[in-house]
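Just passing along the structure, written as structure tokens.
Naming follows writing order (A, B and C), and every chain is counted from residue 1.
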Amino acid sequence: MPTPIITLTTDFGHDSPYVAAMKGTILSLNPEARLVDLTHSIPAQNIRQCALSLLTSSVVFPEGTIHVIVVDPGVGTERVLVAVRMNGHYFVAPDNGALDALASRSKADKIIALTESRYWLPEVSATFHGRDILGPVAAHLSLGVPLEKLGDPLDELMPLEWPEVRVEQGEIEGVIESVDSFGNLITNIREDQLGDVPRDESVRIVCDQHETTGIFRTYGDQPEMTLIALVGSIGKLEIAIVGDSAKMMLGVEKGTAVKILW
Amino acid sequence: MPTPIITLTTDFGHDSPYVAAMKGTILSLNPEARLVDLTHSIPAQNIRQCALSLLTSSVVFPEGTIHVIVVDPGVGTERVLVAVRMNGHYFVAPDNGALDALASRSKADKIIALTESRYWLPEVSATFHGRDILGPVAAHLSLGVPLEKLGDPLDELMPLEWPEVRVEQGEIEGVIESVDSFGNLITNIREDQLGDVPRDESVRIVCDQHETTGIFRTYGDQPEMTLIALVGSIGKLEIAIVGDSAKMMLGVEKGTAVKILW
Amino acid sequence: MPTPIITLTTDFGHDSPYVAAMKGTILSLNPEARLVDLTHSIPAQNIRQCALSLLTSSVVFPEGTIHVIVVDPGVGTERVLVAVRMNGHYFVAPDNGALDALASRSKADKIIALTESRYWLPEVSATFHGRDILGPVAAHLSLGVPLEKLGDPLDELMPLEWPEVRVEQGEIEGVIESVDSFGNLITNIREDQLGDVPRDESVRIVCDQHETTGIFRTYGDQPEMTLIALVGSIGKLEIAIVGDSAKMMLGVEKGTAVKILW
């Protein structure tokens, strides 16, 4: 059996020597660890964006994968660090809401507050717990240390507040939740919330000053430069410009309201 | 024998959760897969740039390497996905021209249109075939599934149109084909097309309003801040500013004509 | 025993096909090599920044790790390429000062000038020694070739000049040496140079027009948006804005003087 995969998600920037320092620390403890970068481009200290990114990136990994998350505005203060078993995966992270989007889909089986310092680096800095605590704990998990040994059980993870989707007869209202690298505007409206909303041109999708009709299957269903609504690859309604960036063309930002009317 | 290497080339952006999702999917099918990023910074949907990038990045990998390419403006439409054996490597990609530059150097041994859905994810989205089809097919290839099992044979790959190099006695004309991260301007003029062009100062290289004489061996052959022409590491004529960015200093873009006169 | 780790540090840009070409070349020589990117975002040809980055990123890797460094403004000229054993690690790099910061902390055990061309690619270009010499040499080291076989011994590495820290009674003066991805301003003043400098509000830290009092343990010790001085995770004094970018807020660049007064 290959050694478990350890993935890394941080807000350090992909070019940061801090990322390399975490990798070196993990590999010093488990030279056979297999490291995969999920992303290092979470906007600085943006826990909500981190939570959403994990939803897309982490769940498709094999069972037993260990995900380390270091978006940690509270480093060095009294915030709690946790290791969590959830849906067959492990997560090692500050308990600041970064795991909330995942936990709302698949309840955590076990939550441990990291208190056993023998699984940390011997010297712990006040400003870089990713290298000094979270990375080493992940390395020890990958070496077979049981989750329960890492500290004391906790009952629940810190929740995050999320904008709600309002569903009524003839109208659904949500917001732009994220923007992908193609400039597609991804809303918080999930496919299951669309229910019996028609997909043909009797449905209107309104975002800021912009409006389109119909909910399509894929970008190629409309000609280039058309404003189009579709359910994207993570199962949420998105607004796109075929062959171009909707973010640039519409000048729309995260948080903007989106209405579906039929 | 180690499991084959799987490389990834996309236009998702290096920080995209879509890249991580592809990696997770591949590792779920083959936990021992060895993944290498070629680049995720192909400009969005720029097939020509993808084709050129593969020429530099892919050929030096070991025999048996599997290259997955996801620059796919036609996702969800009737475009064909292919797996190709060429020059001892495997390529899994949309058939949209991305493999054309490679194929013009080294003819494909076998081209298979991907039709056997048992090598895909059970559920295929309409917008992310990199995760749902191309990644899984690469994982199955790495596990030893023969190329021929993946679908039906095709006779040829889709070609791309390229700007031609005009070679006459006393004059060669080409264009700036790409710009590297140092700002060096790389033309489409190959070393073998230079033939008996003199390398000394009797040869003039003209690009836009700018002109230099001589074709040198390396940047260090001229003083700092000098405009210089040389044959670069991929065997094409390039124009550089020693110790600085020719792109920035000359204000020249891709597509600009370059003339060699002697 | 797993095959040694080979790390890569370059100024190619993370999206460069040159990085991929180096990886392919190394994997062609040692298909089991385990590659880790330290960074590819060293500013072009900035040897000083490379030297500082290595200090943070390389030292935590396991013993036996092979670090390849390609920041090489002199490529193709008579500059020397070296392989070095230092503090249990190997370094393969141009001898241009990039290893100076490391060497000043931990003297090199053995320095070899790379002259044995049998460990290089058969054809060496004039402009890309990372792919043609340094990568292959690292691959051969990872396969067990002894350092001494790679060429001829050298007595010392090329030094770099560094701005000095001036330490007097009641006053220490240094400079901003680097800026991390959070915009924290990291000085060249090491913790051991602080000696008996008080940490309470009797100490003033002055940078350009800006001033703060006290040297803290971590960012969370002060409220959001406060200017704060602390000793960071690499053991140097840094100036930060809690929860924001000091670089952006103060408009301060590398090289700016920083005074500690008490």
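Heads up, the rule we're going with is that a residue touches a chain if its C-beta (ideal position, glycine included) is under 8 Å from a C-beta of that chain, and two chains touch if they have at least 3 such contacts.
Everything numeric here is computed off the predicted structure, so don't read it as measured data.
Common partners of subunit A and subunit C, by the touch rule above, are B. Superposing the C-alpha atoms of subunit B onto those of subunit C requires a rotation of 120 degrees, given to the nearest 5.
Computed centre separation for the pair subunit A/subunit B is 31 angstrom, with centres defined by C-alpha atoms. Residues of subunit B in contact with at least two other chains: 14.
Of all the residues in subunit C, the ones that touch subunit B in their complex are 11-18, 20-21, 23-25, 27-28, 31-32, 35, 44-45, 73-77, 125-128, 131-132.
Put simply, subunit A touches subunit B in their complex at residues 2, 5, 7, 14, 36-41, 53, 56-62, 65, 180-182, 217-221, 230, 232-233, 243, 245.
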